[in-house]
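Structures are listed in the sections that come next.
Consider the two complexes below, in which chain A is the common component and chain B and chain C are the respective partners.
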Partner chain A sequence: MVLFLQAVVSGLTIGAIYALVAVGYNVVYASTQVFNLAQGMLVMVGVLMTYEFREVMGWQTVPAIAAAVVVAGLVNVAIERFCVAPLGRVRGGSQHHIALPAFVTTLGASLVVLDAYELIFGSAILPFHPYFNARAFNLKGVLVSRQQLFMVGAALVIVLAYHAFAKYSRWGLGLSAMAQNREGAALRGVPVAGARIVAFALAGVISGLAGMAIAPVTYADTTLGFNYALKGFVAMAIGGFGSTTGALVGGAALGLTEAMLVTYGNDQWRIYASLLLLLVIFTVRPRGLLGRQTIRTV
Partner chain B sequence: MSTILQGRFRRRAVAGTALSMAALLLVAACSSSKSSSSTATTAAASATTAAAAPTTAGPPKTITVTLIGPFTGPFASSSTSLQKVFQYVFDQVNAGTGVVKAPGYTFKLVTNDDGNVASKALDFARTAQSNGSHILNLVGHAEVDAVQPLTSTGQMVGTMEDPPDVDRDATTYPYSFDFYANDIDGITAQMRLAASKGVKKFAVLAGAGDQYQGYVDDVTKALPTDAGASIVLTQRFDPNTSDFSSIVTKVQQSGADGVWFFATGSPVQSFFQAMQAANSSLPIFNAFGSLTCAACFALPASFLSHVYVAFPKSSLLGSDGTPLVAAYGTETQNLWTHFGLTSLTDKAGLGAGLEDIPYGIVWAVVQAGGDDPAKLKTAFEGTTASGGVSFLDPSIKYEWSSTDHGGYETPNVEAAVFGFNVKWPGFFAAAS
Partner chain C sequence: MTAVVATPTDQRPRQQVAARRRFLFHSVLGLAATAVLLAGPSLGWKISTIHLVGTAALYALTVIGVNIVFGFAGQITLGPAATFAVGAYVGGVLSTKYHWNPFVAIIPAVILALLVGLAIGMPALRVGGFYLAMVTAIAALAVPSTAAILHSITGGGDGMNARQFSVGHHILTDPAAYRIIIIATVLSALVAANLSRSAWGRWFRCLKVNESGTSALGVSVYQAKVISFAWSAVFGGLAGALFVPFELSISPTQFGFDLSTAFFVALVVGGLGSAWGPILGVALYYIAPSYLLPKSLIGLKEELIFACLIIVIVVLLPDGLSSAVDRVSTAVWRRVRGHGATPGSAATEDASPTAEADLASEPSDGRSPAGRNAIAARTTAELPALLQRAANQDRSVPALVARDVEVRFGGVIALDGAGLQVVPGQVTALIGPNGSGKTTLLNVCSGFLKPDAGTVSLGGQDVTGWSPHLRARAGLGRTFQQPIVFTDLTGAENVMAGDMNDRPSSVAAALKLPASRRHERAAAGRAEALLHALGAEHLVDRGAAKSSVADSRILDLARALALDPLVLVLDEPAAGLGLDEIGVLEALVRATADAGVAVLLIEHDVAFVGRIADRVVALERGRVIAEGTPAEVRADPEVLRSYFGDLDDAPRNEGEVEHA
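Now for the complex of A and B:
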């Protein structure tokens, strides 16, 4: 039982990060129909910029994190400006027409971001001092570290904050309107171009925060991006495209599945966990666990 | 400090971990018809002086040695370190001041940047062969793949040590110097340490993949079962694993009193952190993984004091904090001075152990009376019968045979405590 509960702790911890990346995907996808494949790289940006400000420049933790997530947001805005926005001009501005090319250009952007960071920081894993005391709480044999609690807590707070933003702020409502009908939202006065920039900035900030949260575990490593890009995408697919709550559920489901396979499978099954889950979800419930079915009259 | 670690990591991860010691790659060029009057190998390099100088009068015979590896990209530092050391040694040998004398020969170094791409390495190897360079030294993980096509043609090749012990296979990979003990030598040395500490029940944790399976197999081979040692848990994991808390729980529940951990990159520190969180003081034997984790040097010394690695004696410090083999310490300082190195990062990547490779080449050429591959083969494979060959210090011997091309001798490898030494970057403290 202790081992099982420990696996649950492990799964929820890593699932929290997957969930944050999935939320980042969703923020952009819901409002623009674009899958920003550079989203995973923004986790890496969050990690490395927090490293740079905190470990190299010696800033206090909170301002270092704040600056790092701003950079992650700006990087994503740059991706939007240089890799997505021009597609709209070339393709006549139709949101649906830019989805596929954006898939390619954001993938290219992720490679550019990766190479740029490798050029700056090198390929070595750089040390990152922990935020908290390393010793874990021992709950009747189940070890829960402060870092693990922080990762799960941070994910919940960030997702709730985004949820509140989307539901109650004008920009959030504008993004939600764009998600349903971009042209209609534009006719009702939503500045769609600006809103798209906001969506990318938000997504960047959220992934940057994910990077901040996981940095003491992974340390500053430029190779992090692709793994989280994939896992975040799978978490989003499991939870449902466009659903914030679904992203949380999807992240947790993927994290728990992986943890159980690692704990009880005793081999590399974890590698295949995400693909297996993706296959099952797409077969049984293509819109994801909490994704909504949209019916359109054509 | 981070810069130090980064530089150290780059060099150790590449020049060290799997590719630490280069390969001597001898591309045969239809020369087997030449008679092979093998000269006996000697135990000390000094004895090779003028042993087989060219008999014909005239200008020195030029021996072209081609160094193929990644001179650009993230793994460039390992190749550039070797380039420096090769040129340093060849300059000395050509001037007649080297540790190994080779009168009548001039050694010329050619370098090729393969960008860590196997196909490019192969192309360069073939070009070098066609240009008359029969001695190739390959650096890098990717170069392992380059070897196979050469081998299949019956040519003599050597490569890095990746996966472990592949360099011992005389049918495939001749002549590794193997100074970096990320193989069964290192595992055996750490098993000796474990036995001295009374550790008998091991948990073996390794990343998924064939490379790590090799390490798992080596632990099984080196396990002193006659002394009651056993493996109580074998756990493989995805290299992207970042939370090891459940695996640490499994280790604790298994009753293991020692852990072997085989991984590279971020899982290493993730695992170490999970062990820290569990307040575990189990010894962690880590044949190579922790050396790829420069960031791990930032962990508390109290934790690192029970993390072990393995190194050849030439890279170890004794209890007095000075190099165990003084000649390697002195020569390492000579290298640092020669290249004007001041930063710990640069120093950590340039140790005298690297000099054994070019000296080995020079020695073999002298023994073979040139760079005829068949005669070089005879020279190398005769070392076991003659008791091995040494270069900078008689205590560090290399032996090759027709069945084992591993080079470095198991007794020369010792367990070391994982930790960074500011005074002697690149050297680790011997564990006792």
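Now for the complex of A and C:
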């Protein structure tokens, strides 16, 4: 039982990060119909920039995190400017038609980010000093570290903050309007191009925050970007496209399944969690647990 | 079918010469490349060069497969290395651990790669969108993990040494193994090229442009996607099975996710959907850097360059480098020769001005009344022979019947017990104000919308539960408000895509078996004959991307007629046409009905409806309010009211209350 509950704790912790990546996908997809594959790489940017500012340059933790998150947001804005915006201009096409090329260019952007970072900073896995002391809370034998509480708490706070932004702020409402009807939103005075930049910046910030939250666990490891990109997608597919709550549910489901496989099997079984959950969800409920529609149906 | 034989091929010699020269050009290029590659080891290549080129050839073989599903059919796969790794492990384990001959082990390797591909691809393709991309990416991570887990068989993370190619007890040398690989790759490239030029190639390209349009052709969208993916799995498995006895070792790290992204990058850079794209891409990615780039750029910087190239190419050259090379060589050729007939890509190549001038002698534009009459006469004369199925149907029985159809969108009732009958030989027009449910009824008839209640029957068969492609095959052709034109294809190919007669299997198409050749010949003949009959022979060889609205509508119509339909459904065929073009269209629709097709059309142009329709059905708010000859319906007070409102105020309010 203790083993099981310990697995639940670690599953929810990693699931929180997957959920954040899924929310990042949703933020961009909902308002632009673009599936920004670089979302996972931005988590890595969050990790690595926090590392650079905090560990290498010796900044205080909070400013280091803030700077890293800003960098992640800016990188995503650059991705929007160089990889997504030109597609619409060149083709003069509708949203629908840029979806496929944008998928390819954002994959290209992921590779650019990865290669550029490794070129500048190297690709060694570098240790990262914990934010909190290592003493864990002991709940009847189940150990919960401060770091784990922080990750789950951070994910919940970020998701709630995004939710409030989308529901109550002008920009958030504009993005929601774009999600429902782009032309309609444009006609009502939503600056569509500007809003798209905001969506990308926001998604970048969310991924950056996810990165800083997970940094002490994974260390500064460049290979994890694609991993997060895929796991975030699985979380989104399970939870349902366009649903923030779905992203949380999907992230938790994936995290828990992985933790169970790793606890009762071994670490190499981890990838089967994604494969299994995806195939089950395709067969049983293609639009996801809480989704209203599948992505890009005709 | 004599009209098929009588196509005026002599009227467009220049395009045919261009096509033939293009074919010759590609054949010579392919033969030369093959000869150089095969001769390589005898020309004193180092062993390292042989290994570099041989490995690159196997990567190219995989990428050629990916090109089928991603480049042709437009379904993104992010994990092309998955089936490659399956093929490699099955082949490697069988030959090394169980002492199979590596050549024999290829067969189970390919079969298992195919099965794994189907197991992950089929559920994902059922959902569509980007799911295939993600599930294949995850599979690409799962295969090496599985190999690591099964360490007693695969050697686990350490991998194992593999057995070389051998015949009996004679072990093949490196150059011999290399030559086998080159031959396998060339043969596979030919298979892919066959597939690309076959009916399946056309349908894959249609799928990429417009999925619902593809199902209206009579093609099962899901089946076509699965088949394209299955081919890529077969190619991947084959390449993997050849890889191990050549590389002589096998371990999970060889098949990491970076291999998948490398395949992806090579394909996008080389050119999605082009025959040479995969080869060019792999050559650039794997071979060129070690010879062309300075040592200081090898490694990460080189990867960074290629990653940037992906973005630049998708933004600036969506068709990849091979099409850019094609365009440049075409331009150079034109310079040299001084005129237009050149090798180049069919779909982007326009008919040269001189060729157009040749065609102008035919009355193909219909702008003058005389030209229009000539087209009408030609259509009336030639069309019946091309519409055998329609000619044989019983003109006294309605070919399409919709009864008591109800459709609700949430709380909105779009159709409320509407119905209609379409009789062969007649043109039935469906009219009604905006929002009256015309398009909804059309979509129910052609299967794009499932009604909440009511039935649809086609040629006497209840087809209510049938999907669009099954209805199309059963004889329901349709055109769309936005004409469905597959821009990657020429005019004739657009029409051929709609030909469902004796559909060949994809295996027959890939191997150019007689079944596929027969279909190609028949479909090409019918397409040319149809376009000629519709007065649009100038569209035969022209890339469809540049079609005008009128040309697009003719192509859409010809494509629907290629089905040899019992029923033809036209959604606002006159929209966007000029008056003289409408005149031509009228003649074409009339001739189609006279040939025995039951024609149903939606149209806003009341004058057009008055001239062309034999029967008119008027819809308002999802109900049929009048039915009869155009004159009868036009005089119907309900119809007048629904279009113009009442002439004094009070009853109008009453009328609105009535329907609220």
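Assume the second predicted complex is superposed on the first by the 289 of 298 C-alpha atoms of A that agree within 3 Å, B and C clash if a C-alpha of one lies under 4 Å from a C-alpha of the other, contacts with A are read in each partner's own complex, and residues count from 1 in each chain.
Rule of thumb we're sticking to: a contact is a pair of C-beta atoms (placed from the backbone, for glycine too) under 8 Å apart; a residue touches a chain by one contact, two chains touch by 3 or more.
What you are looking at is a predicted structure, and each value in this text was computed from that prediction instead of being measured.
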For this session: Applying the touch criterion given at the start, work out whether A:E118 contacts chain B, chain C, both or neither, answering first, second, both or neither.
Result: both
Exercise. So, does A:F82 touch the first partner chain B, the second partner chain C, both, or neither?
Worked result: second
For this session: For A:A237, decide between first (touching chain B), second (touching chain C), both and neither.
Result: second
For this session: Would you sort A:L107 into first (chain B), second (chain C), both or neither based on which partner it touches?
Result: second
Exercise. Regarding the shared-chain residue A:S274, is it in contact with chain B (first), chain C (second), both, or neither?
Worked result: second
Exercise. Regarding the shared-chain residue A:H129, is it in contact with chain B (first), chain C (second), both, or neither?
Worked result: first
Exercise. Common interface residues of chain A with chain B and chain C?
Worked result: 118, 266, 268, 270-271
Exercise. Which residues of chain C touch chain A in their complex?
Worked result: 74, 76, 78, 120, 123-124, 126-131, 133-135, 137-139, 141-142, 145, 148-149, 211-212, 257, 261, 264-265, 268, 300-301, 303-304, 306-311, 314-316, 318
Problem set entry | chain A - residues contacting chain B, complex | 2-3, 6-7, 9-10, 13-14, 55-56, 118, 122-130, 134-136, 141, 143, 145, 147-148, 214, 216-221, 223-224, 227, 258-259, 262-263, 266-268, 270-271
For this session: Show which residues of chain A lie in contact with chain C when the two form their complex.
Result: 35, 82-83, 86-87, 90-91, 100-101, 103-105, 107-109, 111-112, 114-116, 118-119, 226, 230, 233-234, 237, 266, 268-272, 274-275, 278-279, 282-283, 286, 294-298
Seminar exercise, completed: Residue set of chain B touching chain A in the complex reads 1-2, 5-7, 9-10, 13, 74-75, 208-209, 234-238, 240-250, 253, 265-266, 269-270, 273, 276-279, 293-298
